[in-house]
Every structure is written in C-alpha cells, then in structure tokens.
Amino acid sequence: MSEQQQDTAVLSVRGLFASVAGQQVVEDVSFTVADTGVTALLGRNGVGKTSTIKALLGIIDRTGEITYRGSSIDKLPTHRVVQRGIGYVPEDREVFGSLTVEENLRLAILGDSGNRETVDRLFPELRQRAKQQAGTLSGGQQQMVALARVLMEQRGLLLVDEPTKGLAPRIVTEVTEALKAVAEKTPVLLVEQNLQVVRDLAHSVIVLSGGRVVHTGDAREFLDSDLVHRYLGVTAGKDDA
Amino acid sequence: MQRFSSIWFKIGIGVALIVVAAVLPLLAINIPGILPGPTYTPGTLSMLAYAMLIAALALSYHLLFGVGGMLSFGHALFFAAGAYGLAVMMRLLAPQVPESAVFLIAIILTLGLAVAVGNLVGALALRVTGISFAMVTLAFAQAFNVLVRRNTGGLTGGEEGVTVPVNFLPDALVGVLNTRNLYWLALAILVIAYLVCVWVQNSRLGHVLAATRENELRVRVLGLRPYTVRLFVFAVAGVLAAVAGIGFVLLQSGATPRITIADFTLTLLVIVVLGGVGYRWGAIVGGIVYTILDQRLSALASSGWIQSLPDVLRIPLSEPLFILGMLFVLVVMFAPGGIAGLAKTLTTRSAKGVRTMDVKASANGQ
Amino acid sequence: MSTILLLLITGVGLGALYFLVASGLSLIYGLMGVLNFAHGSFLTLAGFLGWEVGRRVSDGTWAGLLIGMLVGIATGAIAAAITELVFIRKLYNRHIEQVLVTVGLGLATVALFEGIWGSDPIRIAKPAWLGQTTNILGANIPNDRWLLIGCAALVLGLIVLFLKKTKYGLIIRAGVENRTMVTALGIDVRRAFTIVFAIGGAAAGLGGVLASVYYGQVAAHQGTSLLIYAFIVTVIGGLGSLSGAAIAAVLVAVIQQFANFYLGGTGDLAVVLALAAVLLVKPTGLLGKKTTH
C-alpha cells in the first residue's frame, strides 16, 4: 500500500474481522477505497464480499480499524455510520415492499428536504410511480428505488452490493449508466459479479478469496490477466453473467 | 488420561451427593432459616421431596429448552397430566381390577397417556418454530387447564382438584410417618431424570439436537430430519415431567388446577434460567434453590419484623413471587449464565480460560 | 335470529377488548421481535389506577369513567415506555432474554398488585346506562359493548392514522418489514421502539379500564388472563400485522361466544382449536408475512 494511495483514500480498512452466528466470515481484511470513481470488490460466491460491506456498516459484528475521511467509525452503530455520509445499496435491493415508492424515498431523508432534483433527473420513471407499492415493482425498478434512496442525501461514499444481480441486460445497462453518473460526484465501493459492468465502471479492484484480500490493483490490468481465472473462476475478458 | 479421571471424579461426586441425600432422613441436621426443622421431621422431608420433584421437572425442561432449544410455554401440561392422570386412573380402575393391582396398572396407564399426549402435542406444535411454537404449547396447556377446571366427566374435581384414593396405595406410601419413603421416591425420580438427560445428551440424538440448535441447515444436509429428533426429545421431556407429576400427586395426596396454569410453566422457565441454561446441575440447583426460597420467603413474609415495616417495603417483601420475579430479571440482565454460569466463571477464572460463550450460545439457541 | 345478533355483537364487543391488548403486542413483536409478557401488567395497573382515580373524582359516573380512561391510557403508556427504556433496551437484539425479562416482570408485578390490592376481585361502580341494554331487532345488547366497540374503533383509526401520516409511523411500518434496512438508512430505530411500546401500552391501558367496565371488577389477574387471549389473537392474525390483529380479535371473540352458547361452554377450547388449525394451515397467521427476525 503506497503512501499516495493512503492520502487519497476515503475509506481505509485494516485488520477487519467479522462473524455471523459465531462463524468467521471475514478474516483480517485490509484495503483502501479511493476518493473518486468506482472501486470494485470482487471474489467468488460466498467469499465474504457482502459480509465485508455489512461489517463496514456494523450490520454484523466486527472488529478492526475502519477509518472514513480521517475519523474512526469501527465502534459506531449502523445508523451513525450512515449518518456520517456512507450510503448503502444492499444486495437484493431490500426496498420496503409494503411502502409506496414515495414513502421509500421519504424514509431516506435525514434532514429537511433531500436531493429530490438529482433523483428525479436520474430516475424520471420513479416520479410517475410515486404512489405505487414498491413490492409490486419490477426488479429493475426496485433497484432504482434502492439507488434513489441513498441519493436522497448528500453522501461521501456509496457501498453498492450487486446492483445488476438478476436483471435483464437492458436494465443492467440502465443501472450501469446511473451508477456511472453517480460515481462522477461520489466515490463508490462496488460488489459486482458481472465483469463487463466492472470493466465499464471500476478503475481499481480488490479481490477476496477465503475471507482475505488476495489482490489489489488496476481494474483493467486485473481483468485482462489470468488472475481472473484463478480468483474468480472465469476466463479473462469474459463476463460470467 | 486426565479426562478419564475427571469423569470418574464427577461420578464420584454424584454418587456421594446421592448417598448424602439418601441418608438425610436418618439424620437430625438443622439449618435454621433454610429448613423448617431437623432433616428427619416429616415437614422438612416433605419440603425437600417437593424441591427434588421440582428439580426433576426442571431437568425435563432443561432437556426441552436448554438442550433442544425449544421454548415451550406449556410444559406444565405434562406434569399435570402425570399428577391428574394417576389420581383419575386409580379412581376409574378401582371398581374394575383387583385392589392390589390398581396402583401399578394406573401408573402404567398414566405413563402410556404421557407418551401419547407428548407425541400428539409435539407432532402438532413442532410444525411451527420459535414464538409460534411457544404459543401453540401455551394454547394446549391452556386447553388442558380449562378441561381440568371444568371438572370434565366429573373426574377432575374443578377448582377443588383431585385426591389420590389412599386405600389403593401401597402402605409404605401412606401416612405422615412414611414421608421419608416419599422422600426417597422423589430422590429416585430426580436421579432417573438426571440419568435420562445424560443418556439423551450423550447419544447420537443429543449431538444431532445440539447441531440442530446451532445450524438447522447443516443437519438437513446430513440427511437427518430435525423434526423427528425434536419430537423424540419433546416426548421424552413430557414423560419425565409426567413422572415428576406422579411423584408430586403421591407426595401431596392430590393435585389442584394450580399446576396447570401458564404461570407454573413460566416458573419452570424462571428456575431453569436461574440455575443456568444448558447445565444439568444448574436445573437441579435452580429447582431446589427456587423451591426453598419460595417457601422460606413466604415464611419470612409473615414474620414480625417484615409486618412492622412501612407499606412501601412491607408489601413487596411479603410477596415471594415479586422478589423471585425481580431476582430473575436481574439474573437475565446481569448474569445470563445463572447460578451455574456464575460458578463456572468463578472456577475457570482461576484456571484461566473463558467458557461463557457456551452459555450465551445455548441461551440464544432458537 | 335475535340470539345470533346478540352473540355477534357481544362477540365484537369482547373482540374490541382483545384488540386493545393485541394491537400493541403485535406492533411490538413486528418491530422488535419481542413477545411482551409484561403487557398484561400494563393493563392491570392501568385498570387499578384508572379505578382509584376515577372513583375519587366521581364514582360511578361518566365523568369518573372518562377520567379513569385517561389515567389508564397515561399509566399504560408510561409503564410501557419505562419497561422498554430500563429493561428491554439493555438486551438489544437478544430476543430470548428480552422475552424472559418480560416474563419475570409479568410474574413479579402481578404478585405486587396482589400485595397492594389483594388477590380477590374488587367490584366497581359504573355509569347506570352501561349496565342497561339496548334493543336491536329483538336482541337486548348490553350497552357496555357499544363503549368497547367505539373505543377500539377509535384506537384502530388513530393508530392507522399515526402509522400512515407521521414520520415515526413510516419508520415503524418500514421497521416491521425490515428493521436492519431502516438502520442502514441512518435512522436510529430505538426511538421508534420506545414509541411503539408507549402506544401499545396506552392501548392496553385503555383496555384495562374498559375490561374493568366489561367484567364489573378489577383484579390482579385480569391482565394475565386477557393476555393469553391476546397472544392467541396476535398469532392467528399474524405477528406484526395490525389489521390481522383486528380481524383475528373479532374472529376469536365471536367463535368463543358462539361455542360457549351452542356447544355447551366450550368457547375456550374452540379458540385453542382455531389457533392450532390456523397455525397448521398457515404458520405465519392470517395476514402475517415472513419477518427478518
């Protein structure tokens, strides 16, 4: 880890351990997330990517040093971590199905008004569906609600977990475009299985294997090397969707 | 080698405790404040016998909750089924079979009844888990409570309860002078309950059960049906509770609806948690400590110095269940391992090494 | 016909009482995963205090009853909020321990009430009109049922309004569905816990005063016996569902009334059988969803 990387890191993680129901799921993980663009967190299924994200937020029990914009957040409960400016887009969207789209968005406003203009500009469709129950939306629309939800407030970092999972190719493109627009202003830590999306968005990668970090570096270099095969089990240059 | 000797050490302590308990009726030990009188007196023996039966009942609940992770709110049902079952069976059998056989046949039929009820209730209740399971067991116990209080079939005696027809009992179990025989019977029931617990926990079944509590999915992957295993343990716990109930109805020469209400099961839960969830001897110590506290606190309530206190202190202090309930709350909040957990922390702290995680894990099971 | 009408309306009246207790239980369980065994004590305490204050102001009149109801609501809300802040909060996310603490509180407080007010029920005076009946299509309906039904409907309406129109209502509805995600949006749900406890306690408190009107007495065990029915209602309706609780409350009470009248006083058994049947067919209850607890 170079000094330069340290200086421009929005988030740095050192010696992170996490467990679920007594079972170790993240083991001594250390990495940094740059303060611009998209950093991708990669690895095979069940390797601890989602658990790492959840550990950062304190959704699961964790120990280790987590520093966000110079201050330590590893002892904070989830809601305080988020209040510091870290937005979370969970795997499987987790929108509130019994609430309307409007209510889902309103819930995410912590201050007085929220960034409604940004959300309306990025996801015009949601405005028309404001009164619809989020549970009745399609997967792609739900993903937009989940993204719009974190964008209602000004964020310093977004943790986005598998935003294209289970979506049709056309919707994958839409979500990718939305993320690209978002990443221009806000740094993103992205968990993603679809390597084409990673290629489109990410400038650097962190690769996990067996609950540990096994590789960090430039995204393109990694995707074009045979490390992709070793760590992700797919052939270089092809996505695994 | 060391492990081998520690097992024999444990067995040795167990046998020694049983021997001490067994010879108590022959001694005149007096512990003022804890026992109502010297150990050979019927009053004291009867209280100790009651405490041991509650301990046996607590052991059966330990099997259910501590080992199986099944939070039942209806376990009193089985204790009551044993108690009411024996009294009612004896009354029903009395005109039909030879006088000398009434008692024996009634016991066999009561045990059969317990097996049947245990399997039936278990089979239904175990189709759901967690809080719903607790509710279904509560509902069944409540239904039994209603049946008993209604004096169903003119057999259960309504609010008055039932009495055991004394003339059909073996002579050795009748009369104040024979209280010590009932005491030994209670001790035997406690020992049996303990051995059954050891057997279940050490069998393949016990291991499966422990695994189910930790990770149901893993057990399913191994090709075992957690449902069947749970049902077996539920039924065994039910039968053990019924055996304790049989001892109870003999000791008290009768039973009242008090033992069928939900509060009685909740008391059991209090006992097991007080003693330490997951520990066999915790359940026993919990049962005995709770019973003695309950009886002594009642005695204390009527004592002069409490009666002379101002109302704000007198009223709470003269309600044993208030003190025990709050004690229980404190234990849950500040000493989740109960008495056994505290003892373990104290002993292992000197031998360095922390095992409190075990207690937490079992308390969180299900 | 008039008998059926009588049983139906009395059933709905009793259901109203069940609902007042069950609504809080269901919301608390839905949001926090805590089955609150101390809920019956909120009800009993409110019943006693409401009666103590009401009779001193004006015994057996509408004014006395109204004051009693207000005192009951306040008592229930305060007792519940204290329970949450002092006991439940310390055991955050340890559901079994939370249930155990409420079990202990339930047992201890009932003993305390017995110590203060004795274990025998105390007869209470109520406004004369409530002791009379109104003839509807040939059925003589006891007037206190109207009061119960009216109050429960009002409470249902107010809770729904609160859930739909306020920010905390929004947080509670979202939290019942997925509490983790609510915290992951930066919201401190613990404040919502206290609010839900207080609302549930207030409803139970009102239920406590109305129960004393319904039974014509206050007693240390009144809350506990109603609590068991409320549990059954909550489970049948689906844990966490307010409308489920409302429907199940009426259903349970009506079944109970009809079985008591037509099947020789087997109301309690019929209720238990209904519970078993519902759980076996649909383990999550009538309107229950899979929760994340």
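Observations, loosely collected:
Every chain is named by a letter (A, B and C) in the order it is written, and numbering of its residues begins at 1.
Criterion: contacts are C-beta pairs under 8 Å (C-beta built on N, C-alpha and C of every residue); 3 or more make two chains touch, one makes a residue touch a chain.
Values in this document were obtained by computation on a predicted structure and should not be read as measured data.
Central chain assignment: C. Criterion: smallest distance from chain C-alpha mean to the mean of all protein C-alpha atoms. Most remote from chain A, judged by the distance between CA-atom centroids, is B. Centre-to-centre spacing of chain B and chain C amounts to 32 Å, using the average Cα coordinate of each chain. Computed centre separation for the pair chain A/chain C is 43 angstrom, with centres defined by C-alpha atoms. Each chain gets a centre from the mean of its Cα atoms; for chain A and chain B, those two points are 52 Å apart.
Residue positions of chain C with contacts to 2 or more other chains are absent. Of all residues in chain C, only 170-171, 173-174, 177-178, 180-189 touch chain A in the complex they form. Listing the residues of chain B that touch chain C in their complex gives 71, 124, 127-128, 131-132, 134-136, 138-140, 142-143, 146-147, 150, 262-263, 266-267, 269-270, 273, 315-316, 318-326, 328-329, 332-333, 336, 363-364, 366.
By the touch rule above, chain C contacts chain B in their complex via residues 29, 35, 37, 87, 90-91, 94, 96-97, 99-101, 103-112, 114-116, 224, 228, 231-232, 235, 239, 265, 268-269, 272-273, 275-276, 279-280, 283.
Chain A makes touch with chain C in their complex at residues 57, 59, 77-79, 82-83, 88, 90, 94, 96-99, 103, 106-108, 110, 149, 153.
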